[in-house]
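Chain naming follows the written order as A, B, C, D and E, and within any one chain the residues start at number 1.
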Amino acid sequence: MPGRASGAPLLVAQSLCLVRGGRELFRNLSLQLQAGQLWQVEGANGAGKTSLLRILAGLARYGFEGQVFRHAPLLYLGHQSAVKALLTPRENLAWHVSGEGRYDDAQIETALAGVGLCGYEDVPSHTLSAGQHRRVNLARLLLSNSPVWLLDEPFTAIDKSGVAELQSLLATHVGKGGAVVMTSHQALQVNCDVLFLNLGDGPGDRPGDGAYAGALA
Amino acid sequence: MSAPGTAQFCGMLLRRQVLLAVRRPIEIGNPLLFFAMVVALFPLGLGPAPDKLAQFAPGVLWITALLSNLLTSDGVFRSDFDDGSLEQLVLAPQPLFLSVLAYIGAHWLTTGLLLAVLSPVFALMLNLPLAALGTLVVSLLLGTAVLSLIGGIGAALTVGLKRGGMLISLLILPLYIPVLIFGSAAVQAASSGVPAGPYLALLGALLCLAIALAPLAMAAGLRISIDA
Amino acid sequence: MWPIFHKLGSPPWLYAISGSILRWLLPLTLLALGIGMVWGLLFTAPDFRQGNSYRIIYIHVPAAVVALAGYYVMALAGAISLIWRMKMADVAMRAAAPVGAALTFIALFTGAVWGKPTWGTWWVWDARITSMLILLFLYLGVVALYEAYDNKEAAGKACAVLSLVGMVNIPIIYKSVDWWYSLHQPASIKFTGDSTIHASMLYPLLWMIVAFYALFTCCLLLNMRTQLLQREARTQWVKKLAAGTGNN
Amino acid sequence: MSAPGTAQFCGMLLRRQVLLAVRRPIEIGNPLLFFAMVVALFPLGLGPAPDKLAQFAPGVLWITALLSNLLTSDGVFRSDFDDGSLEQLVLAPQPLFLSVLAYIGAHWLTTGLLLAVLSPVFALMLNLPLAALGTLVVSLLLGTAVLSLIGGIGAALTVGLKRGGMLISLLILPLYIPVLIFGSAAVQAASSGVPAGPYLALLGALLCLAIALAPLAMAAGLRISIDA
Amino acid sequence: MPGRASGAPLLVAQSLCLVRGGRELFRNLSLQLQAGQLWQVEGANGAGKTSLLRILAGLARYGFEGQVFRHAPLLYLGHQSAVKALLTPRENLAWHVSGEGRYDDAQIETALAGVGLCGYEDVPSHTLSAGQHRRVNLARLLLSNSPVWLLDEPFTAIDKSGVAELQSLLATHVGKGGAVVMTSHQALQVNCDVLFLNLGDGPGDRPGDGAYAGALA
């Protein structure tokens, strides 16, 4: 991502407000995502992390207030893995519906090996275990060229060594000038700065305006 | 590693969808078997007298093709929705209304096309005159393409509902009706020796209209479904 | 009785015994088929009404008879697999389905080909013909269900359940189709009287029926052996076999 | 806090399944609308002459009821499989072959029963003689129950397949045929003034047989599907 | 669970062998689950943890060797949550398909409050967040009377405070004479002994006979 003016934000969210099921999840939430930043969205179950990520990605378009400007291509990995059970991991990556890039076989094999799926390239994905299934999806991070990553609980079902590798991958991406917004209930152990966005202890305890001042600093 | 062009992406999607269907040959065979079985049900329900059957054959064949299409339409986007692929498709840089065409194309290739090609066999079982077979095939080729496109709209609109299921039939059956009328009229005409050209032309016109408008409706429908 | 039953459950034993059966049954079957063909096609008089087209009976009737019997073989194997949990019964059931489907298809196809010169149409909705078509669907259902499962052991069980359900239903289907036919106005075309078959035609026909039974058995066994090898690919005896050290 | 008795558990399941259906009124309305629409399509495909319609009404009504049942059968266990409930049901201490009866019962209540009750309306649209309406309702009541039971077997056997899709229709349509024949024969008899009693008795016998055997097959099928 | 002879095992697995997709996942695995034991099944993604739990629960019946004897009622929570999206959490618990027990409204409310779903008793479950959805399922642990719990990654999507509560619940259950076999990629922090069953670092590295001697001690 060289050539991008380092000052221009990759993604800007302006005064987002969201009310769901009669509960205000966040109000006046603003966010400027700069290159080289790693944001961890924190909050109890039901605090609105997934909702926020979907708004940032542009998947949710109705029912919230505020605006989001996306200045760079983004990659979103949600709770669901977008891995087709009937295709092999190789095919899943080669023909991925996200239309991000065209990868040749060597690239795909390197990526699959990178997530520990050596030897599983050509078995139908539905025979993979829960963690292996999610790893196929994580291989997209190794292939991706998008500067902005939005990751919703990427560590789900991943084993300890997998989590460590993923964390170093995140650090590398950020180090190369990318940016990450992610949610997780685990504390990150990465060798780069982590910015926190706290959505509170649950829908009851709603953070008001200024509540993010610290986080946004 | 740049993003693939739109045409290339559609080609990829088409390959992917066809492969998904081929992975389970059963999926391709099923609509055909369903077609065969419903064709067998009609004589069972209506009585086996051959002359009567011949008279009703055009209608029965077309209704069956329609039902067979209806049954499979629901699945066009369902599995992609369930496993999150649809979210990714909506976020893809390529225009959504073109990529959905690849989905519909694959659906038509694996249902309508095969159905049209094999329909003469079933037509003979219902004693349709030989002279009408050509018209039957052409009308099915054109007509099932329209059905797939219309079915895609319904599928796109209902895929996000918790239990969409048969809602789709309610939404799209009324839209199917013109196709049914022109299609069965064409075959009826051919089997009674009247030229079927005008009806086929009408079907062609419907197809052009559907190709022009349905993708837009599908794209809008998918964006809404993703958000629901 | 029980030792044999027990042995039947053992893949290597079954593989060996089926090999030695096939060694003499297969040539014998081919020979019988050949004789039947020659007898039926060359040494019987042409029918006084249908001319030579009636000779298709030597394929048509045996195929139809054996196809029906095949379903019961399949269902029986299914029952054994469910009740005694014998894996080899699964294999037999799985092997019977495509053979039965093929025979049913042959009966339907030859019937249709025969119908064109005799009735002037490819197809009528006669009771017996209709139930034959339904039988084809029952067979195809078993084949398709088996293919759809990834876990082949589960697939065998599922197909066993299905074929048993089908077996309960076959008599009902036959009865109902018969009734249905007599209910509605009779079709304008009918089977030629079938009991009036002449002895000179009957004997080759009976011969062919027996030959078709043998053919069914051969196909079943051949099919089973392939299935066995596929299923047991990782076991010792198959590896030995592949290395050329096993017997048979 | 002891485990509920079998009867009580079945009652609970029945309430649960019916409530799930009622939660989406569209789900209940759909088979009926499908029924209505196919009945409306027939005159379009076959031509509207009233005497012909009356003659074919029994067959058409029964074929439609059958297709409508077929379309909904696939869903009996599907959502429970997808969200893991089926695993829990299989592990439940109560006998599985009785609890599946609750599922089928709920399915029948929300499709067959309603269809039977509303069928006179559709029958009148097809000019079925008034005298045959009673027989139509009774034959549908008995027949759809059998269809639901048979459909349940197909659903149980295919629910675990990645893309079962229309496989179920191949499995169960042949088994539906006796019901179709006896059902339409009963209505045909009634509409031509012949006593329909014997056919209804046959349907009743089929129902008894199905109630006795289908639950066993379903239970076996579900255990297999869970494992696949 | 008073009255149960303390010596009798609640669940016995004898020499289990499992081969999947051409890989041997475990061989000669034996396990005696006694009252008061908490087993954590460990292993990398694809090591066979879920497969083992399904065999122990009796859900998998084909394709493995060995025998399992179940001497006590068990409760199995799998990767999937068995929570019906169209029913409210209250209805989900009241009419649960597991047929375990009949609970009155007060019991159910207590259980839902226990998993932090106070105020969400009567909303349709599909409007719940990922973690709340799983919490509905975890409420069954609070209601259950079964001595044996088989839990497959129960901490998935649960936030930090939820994990802590769940761990203390496990300790309590074990303390009362129950037994737990669970999988998790997180280290447990409970105040009771944890027995480990290690399935190895992945399908490549297959544990042979005696490999469990230590764990079984």
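Observations on the model:
We take it that a contact is a pair of C-beta atoms (placed from the backbone, for glycine too) under 8 Å apart; a residue touches a chain by one contact, two chains touch by 3 or more.
All figures in this text were calculated on a predicted structure; none of them were measured in a lab.
Of all chains, the one whose CA centroid is most distant from that of subunit C is A.
By C-beta pair count, the most extensively touching chains are B-D.
Centres computed as Cα averages put subunit C at a distance of 48 Å from subunit E. One simple way to say how far apart two chains are is to compare their mean CA positions; for subunit A and subunit E this gives 29 Å. Between subunit A and subunit D the centroid-to-centroid distance comes to 46 Å (mean Cα coordinates, whole Å).
With each centre defined as the average position of its C-alpha atoms, the distance from subunit A to subunit C rounds to 57 Å.
Under the contact definition stated at the top, the residues of subunit C that touch 2 or more other chains are 134, 137, 140, 144, 148, 150-151, 154, 157, 177, 180. In subunit E, the positions touching at least two other chains are 62, 79, 85-86. Shared interface positions of subunit D, i.e. residues touching 2 or more other chains, are given as 24, 79, 82, 162-163, 167, 170, 173-174, 177, 181, 227. Those residues of subunit C lying in contact with subunit E across their complex are 151, 153-154, 157, 234. Across the complex, subunit D meets subunit B through its residues 24, 26-27, 29-31, 33-34, 37-38, 41-42, 44-47, 56, 58-60, 62-63, 66-67, 71-72, 75, 79, 82, 162-163, 165-167, 169-170, 173-174, 177, 180-181, 184. Of all residues in subunit A, those touching subunit B in their complex are 57-63, 73-74, 76, 78-87, 91, 95-103, 107, 124, 143, 145.
Remark: subunit B residues 24-26, 29-30, 33, 36-37, 40, 43-44, 47-51, 53, 124-125, 127 touch subunit C in the complex.
On the side of subunit E, the complex with subunit C involves touching residues 19, 22, 62-63.
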